[in-house]
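Multiple structures follow.
Two complexes are shown next, each including chain A; its partner changes from chain B in the first to chain C in the second.
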Partner chain A sequence: MNKSLLFSIAAFISVAAFAEDHVIKQEDRQFSAQEITVKPGDKLVFTNCDSVTHNVFSTSDANPFTIKVQKPGEATAVEFKDEGVTEVRCAIHPKMKITVTVKK
Partner chain B sequence: MPPSAHVSETPATSGKWQAWRFGLTHLSLPVKFYLALLPLLIMGGLVIYVADQSLRSNSQELIAARRIKELAITSQCLLLQQDDATKVMLIDMLNPDASQRKIAAYDACQKTFDRLKQLTKAPQVLGLIQQMEEMDDKQLQPIDTRVLEAMGNGNADQARKIYFQEYEPLRKQYESVMRQLGDEAEKMATQAARTMDENNHRSLHHIALTLGGGMLLVALIMLAVVRHVGSRLRATAAVIEREAAATLNSSVFMSASGKNLADASSAIATSLQQTGQSLAKMATETKRNAEISGNAKEFTNQARATAEKGSAELHVLTDALDNIKSSADSISKIIKTIDEIAFQTNILALNAAVEAARAGEAGLGFAVVADEVRNLARRCAEASKETGERIQDSVKKTNSGVEIGHHVAKNFDEIAEKIRRMDEFASEIAAISHSQSDGFVQINSAVAQIDAATQNNAAGVEQSASASRELNSQAASLKQAVEELKLLIEGTRKRTGVPDRDSVALDAQPPGTPSPKRATSIKAKIAGTIPSSSRN
Partner chain C sequence: MNGRENAISESAKHGFDVFNTKGLCVQCHAGWNFTDDGFHDIGVADDDIGRGKVLPGIPAVMHAFKTPTLRNVAQRRPYLHNGSEKTLEDVVRFYNTGGQAKRDSLDVNIKPLNLTDQEMRDLCAFLLTLSSNDKPVTIPTLPND
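So, the complex of A and B:
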């Protein structure tokens, strides 16, 4: 029992040690980057630096997600597990667009 | 341009024209027909190309106009989809399906703008498209964003207020612009259709005119080609007809000549056979003649030997006669001496008688003796005279005999000489007879060969006659073909009694009748005696 618990903790620690977070800011109704390439398991931290609300979501089949209403100053981390290309948009601001490429 | 340019061609131009015409004349008939079709093909190709370009341009304009109208409608639909999504989000801000549809409609609308701008270069249409794009980008989307931001901030009333007071009027204005764009597109389509229709009519007119002109040009070229080819065909047909007629006449003549030649060959063969028999008979006779000549030569040899022997013996005889003559001469001299002695004796007797007379009686006896001596002398003289005469006669006869002997010997010599000549002649005759016999053998062989050659000639003449008959048939077929060719070239013109130039020239000479010069030449060639005038 103790061994299993220790193994799980070690595995979590190892994954946490290899995964990486990428901060994507939302400023002036634009993403801070137009495209980004990450590894499977990496996270994108969407941070609303605007004074207005955003509604960021994925329009692709790979790594579907939706943050829904994100108030100014909030940050939300989204993990990208599946390999492929994911387009991320804002439902309130259609011009906002970032392309996330996930590959090893 | 100088007046001479209209009146006459320069030598260089004429030379080029002649060379070009010479080149055209020597082209094959299919090539001429293809060349005749070439202008039509070129003109037709040009017209089709121009019409195709015009139609393609018009159809592209029409398609573009239709597409603009479709895209305008599509843009309106996409705007309605965005509006619908916005309305849903006004009620349920977190509706994910609405978010998806809104973004998808937005993206599609942006692409529609890009495609619209690529479809036309018409300023008015481009202006409407830019106006729509600017309205969407600078008015509708910002207001829509304000609506959703108000919703996101939880201020639904403000959001609805903005939507109904600002967004809806602007959307209607935007739809009005879109309708204008649709109307412009419809006008474009109508104009393009009208232009295409006009171009179609113009193209049809052009095609019709071009085809008409081209066909007229081709017809003229074909007419010229047909006239040229027809003229040459007529000339060729005339030549063929004339030659066929001459060939027919010649073949008939050759057939008749062949028959005559066959008859002559048969007669020659019969004559040769008879000649061979006669020659064989003559050869036998010549051989017999040679044998007889040999016998004659033998006998002549014998006669010559006998004659020579007789001649020798005659010479001996003449020698003997000469000796007799010499003896007779000697005897004559002796008798003359005896006669002189008798004369002297007589003189002496006379003297003795005289003396005796002088002596008287005493001399009587002496006188008697003298008398007797005188008688003896007289008798001796008479005897010697008679003997001399006889001897003279004998000498004379001996001389005559000698002369005769010489003459006979001479004759014998001549006979021997002639017999020798006869022997030579007989030898020559025998040699000639042998030679003639050999010649007859050769002649017999030659006659046999001539006979065989004549037989071969007869067979050849028969084959020639057969070939002449076949040539007759072929000439008739050729004439028939020429008639069909003339019918093909001239149609029924001759039958309708409208003779042309060539047929008149042909009719001037009856068909099947070669020219006198040619007939003479043919006959001369057949007879192997070409007149000197023809040779020259």
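So, the complex of A and C:
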């Protein structure tokens, strides 16, 4: 096994070992935080605590995603791999905003 | 709560119950201003995709339009984004049947409500209480400089 392969495996294990989940609640048509800083590989677990549906998404260059319609009680994990700033919104309720900063 | 118990009719009080429960109105017409400031497809049968023009990659906002306030709603007819419903009674009947268009983007709260005729009358009575006799506001003139 060459050194670069060993290094890659070690790096993967390192990231996997320290990746964290951060719960972001959607409650009263608000995110539970307006901004959060996470490390590459961390996940935000968007949890719908409202009695209405939400549709969390981002069109930012870093970590674009959409989790489609999320019914009350549902939770969805989204991994943030890319370093940078990701602006996350609810497509149905545009006043819901959270800024996610990803850095090592 | 302070206030006069007889400020609104018994029908309007029952209509408020319908608004918050069986009618599902409060799911979108929420809060002090009776709007969630959100966008929903309520099943109006036309080709206007509304919010879908702004967010073309999000199926949930196809045919979605912003929830209007219900303040002074009785004074702002016709109703719905294309003015297709002429009276409050027409709008209530529209919602009671679950809208007209059936499509994937339809909001989950748009479905047959099975409201009785009395419940629909009560709901309209409540909506009428949201109007006031405010004095017209004179629009100020901005300075040129």
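The definition used in the following text is that the second predicted complex is superposed on the first by the 88 of 104 C-alpha atoms of A that agree within 3 Å, B and C clash if a C-alpha of one lies under 4 Å from a C-alpha of the other, contacts with A are read in each partner's own complex, and residues count from 1 in each chain.
Everything that follows uses one rule, which is that contacts are C-beta pairs under 8 Å (C-beta built on N, C-alpha and C of every residue); 3 or more make two chains touch, one makes a residue touch a chain.
All values reported here derive from a predicted model rather than from experimental measurement.
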| item | value |
| --- | --- |
| First (chain B), second (chain C), both or neither touched by A:52 | both |
| First, second, both or neither for A:93, with chain B first and chain C second | both |
| Partner chain in contact with A:33 - chain B first, chain C second, else both or neither | neither |
| Shared chain A surface residues [contacts with chain B and with chain C] | 29, 52-53, 55, 57, 59, 66, 68-69, 91-95 |
| Chain A to chain B touching residues, read off their complex | 29, 52-55, 57, 59, 66, 68-69, 89, 91-95 |
| Chain C residues touching chain A - in the complex, by the definition given at the top | 27-28, 30, 36-40, 51, 55, 57-61, 64, 107-109 |
| Of all residues in chain B, those that touch chain A in their complex | 89, 93-94, 96, 98-100, 102-104, 106-107, 141, 145, 148-149, 152-153 |
| Chain A to chain C touching residues, read off their complex | 29, 51-53, 55, 57, 59, 66, 68-69, 71, 91-95 |
